[in-house]
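Two complexes, one shared chain (subunit A), two partners (subunit B, subunit C).
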Partner chain A sequence: MKILYVTVGLIAIYLYVSFASLLWEGLDRKLVARMQRRMGPPILQPFYDFLKLVSKESIIPRDANKFFEIAPILALAASIALLAYTPLGFEPILATKGDVIVFIYLLTLIAFVRVIGAVSSGSPYAQIGAQREIIMLASREVPMMLGLFTILWRLSKLGVEKPFSVGTFYQYNIWEIGTPLTIVGTFVLLMVFLLWLASEIEVGYFNIPEAETEVAEGPMAEYSGRHLALFKLSSALKEFASASLVVAIFFPWGVSGYLGLSGVGAVILDLVFHTLKAFAVLFVSMSIFRAITGRLRITQAVSMFWSRILPMSLIGVVLLVIDVLGVIA
Partner chain B sequence: MSERETLEKKISTLCKYLGRSPWVFHVNSGSCNGCDIEIIAALTPRYDAERFGVKLVGTPRHADILLVTGPITDQSLERVKLIYEQTPDPKVVVAVGACPTGGSVFFESPFTNAPLDKHIPVDVFVPGCPPRPEAILHGVVLGLERLIKKIEGEKE
Partner chain C sequence: MFGYWDALYFLYAFLIGLIISYLLMKWAEKVSMGTRRTGDGTKIYISGEDQDKVIPHFEHLSGYFTGRHVMWGLIRGVHRMFLVFRREHTGLLTDYVAYLLITIAIVLGALVIGG
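Moving on, here comes the complex of A and B:
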């Protein structure tokens, strides 16, 4: 019975999140176009793009090996599995002790599968894109994981049922602790997470692997038709899941408690409210960031991660740690 | 109806949403850069081709429409054919400018291979040296209309 419930829930969440994340892509393109004083495409444009790509011919290059065809399916499978561990205004379906590690693992796996697909395509452009993607992957995870584990460690001190689970954020949130050092530290970590989100979805400064004018769309250079459509969908899902993590850490409040709802109604209301919050976070970290910044070189991006964002994350972490250890009263 | 035409029709029926999101790839076959700048002008905020879903892509694998400029020099002839083959079906080819249409100032030159339709099937020729951005957008619309006619012709 439990398995049935989980399966039906996951399919429902998958359908809802695919719709919401593709809708956000359309909203994003429209908003950026308005910032540049253009009309912009219709809001449903990503759906048209998706349907077009699904119905087009899919070319397999002669030099490609078997992974070229498997990679898009694996990427979509990893993103659907990711949704089972994504906080969406309520505890993730499969929330257990320490599931944050699975969350990060699946998030990284999507990028990794993209790289495998690109390397298997046999195109030099795709390989340059894949190298850039791996370099970015190695740099961006460190500040994010440092911040995430510190916040979860701080929350586990408050005595939660499942320590190091993404579901903890709905029991306690980091702002509730309320001491000045925690608030400053959390604010610093919020900045780190917004920058991490921008690099995770590769926009603005960090649009380096998919630089369409330099390396011909990078890892996606040889993909066409339905394979490309699957990759587009999986990266849209990944976008939404990453934004959901930021929302759950810093803005976990729901509205159903105030309205006195319970049961299915509360779940649906919280899901919709969570979607709006995720759109707001993506608006800051994706649309505005994309409209006002250009692309960095890969060396500049790496040095930015290791010499700016990592120290920033360290400062936030030290502030949180000092507060709990009571070194300065 | 030749065998190729039947095949083309069959392929085009697969795709009903192409008119909603035509992705454009720009092929420069030895152009003087005049037409290329006009293509860029058609994508700028003033004309904003993105409002029809048009997107300039960096690889022929993602493209639906090929915009070919230039008189197809000897060096670029093989590349143009290769790019045409690399583009997934259904696709529309638009020859932009006087050069791929009839050779322009390179008419009867031994080193150029205009017109373009001697080498690959072309749907629309947009003459002009260079053509205005409005003319290029009109050419793309005509190409898509031809594709839609192919789709509807199959239904009847």
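Moving on, here comes the complex of A and C:
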């Protein structure tokens, strides 16, 4: 019975999130265009892009090896598996004891597959993009995981059964603790997570690996046609999943409880409400961030992570720890 | 951390992902204009640059830039550590205890990172 539930649920969620994430890409392009006083493409442009890319010829360079062609399939597969562990207004389909760890593992795996594909393409531009991607990956995960595990630890003090599971965020809300130190600390960690989200989806400051004007889209330099289409879809899914994590940690409220709904209706309503919240988070972390910041150099980005964002995360952590230990009453 | 079934369910979810993306790829292969396996690349080498040697604007990256410098940095660091040890060495028992502690710390660090 559970097998059937997992299969049908995962495919349904995959279809829904593909639609929602591509729709968000279109909204994002339109919004940023309006911020820059341009007309912008139609909102459905990402769907047209995807279909157009699928129908175009795929060119495989002479120097590319087998991984070049396998990487897009693996990246999309990892993204789809990621959706099984993504909180979408309710617990993930495969909610287990340690699904937060699987979630982070899969996010990293997608980046790794992109890097493997880029390195296999034989293009030096892709190599440079891949190096940058790995450097960013190593820098951005540290403050994020520090903050994430601290929040889970803080919530585990309230007596949850499975402290490393996404479901914890729906049992207890970090804002409900309500002490001043927790609120300030959580707010600091929210800033860290918004910056992490911007770097995870590589926009604004952190559009370094795919710097279009500089290294010709970096890891994606040699990809074209359907291979590029699969990568684009995979990044769109990853964007939505990453934003979903931020929403689940900081804004887990549902609406179905207030309206007294239950069953399928509640699930659908919560899913739609969650999608709107994810769009709101992405609007701050992606659209506005992309519109008001320019690309940093890779050294600047790394030093920003280690000398600004990591201390920021540490401050949030220390505030939460002080609150738990009761040093200041 | 994970139960036996959770690991199997993860594999199952990944398998579903693989099947969906493989089918998508096959469908795309059928409806697209096909595949061209030729050429030095699609976007970059049209102007005829030598891909093995020089990347425009990244001339300083010729050779194994990063690898070579990291290697020399490590060798230099280890060398400096031994120089410091030799300079500070007095032959007293406390020195040997300190070496032992440092070695244990390094081994423990390696175990923690590796394990």
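Methods note: the second predicted complex is superposed on the first by the 329 of 329 C-alpha atoms of A that agree within 3 Å, B and C clash if a C-alpha of one lies under 4 Å from a C-alpha of the other, contacts with A are read in each partner's own complex, and residues count from 1 in each chain.
Basically, contacts are C-beta pairs under 8 Å (C-beta built on N, C-alpha and C of every residue); 3 or more make two chains touch, one makes a residue touch a chain.
The structure presented is a predicted model; accordingly, all values stated were derived computationally and were not measured.
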item	value
Partner chain(s) touched by A:36 [first = subunit B, second = subunit C, both, neither]	first
Subunit B versus subunit C as contact partner of A:125, first or second or both or neither	both
Contacts of A:179 with subunit B and subunit C, given as first, second, both or neither	neither
Which superposed partner A:45 touches (first subunit B, second subunit C, both, neither)	first
Which superposed partner A:65 touches (first subunit B, second subunit C, both, neither)	neither
Partner chain(s) touched by A:225 [first = subunit B, second = subunit C, both, neither]	both
Subunit B versus subunit C as contact partner of A:55, first or second or both or neither	both
First, second, both or neither for A:81, with subunit B first and subunit C second	second
Residue contacts on subunit A - larger count, subunit B or subunit C	C
Touching both subunit B and subunit C, residues of subunit A	55-59, 125, 216, 221-222, 224-225
Subunit B contact footprint on subunit A (complex, rising order)	29, 33, 36-42, 45, 48-49, 51-52, 55-59, 125, 212-213, 215-217, 220-225, 228
Of subunit B, residues touching subunit A in the complex	11, 14-18, 20-21, 45, 48, 50-53, 56-59, 61-62, 64, 86, 88-90
Interface residues, subunit C side, partner subunit A - complex	1-3, 6, 9-10, 12-14, 16-18, 20-22, 24-25, 27-29, 31-44, 51, 55, 57-58, 61, 66
Residues on subunit A engaged by subunit C in the complex (per definition of touch)	3, 6-7, 10-11, 14, 54-63, 72-74, 76-81, 84-85, 93-94, 96-98, 101-102, 121-125, 128, 131, 164, 214, 216, 221-222, 224-226, 229-230
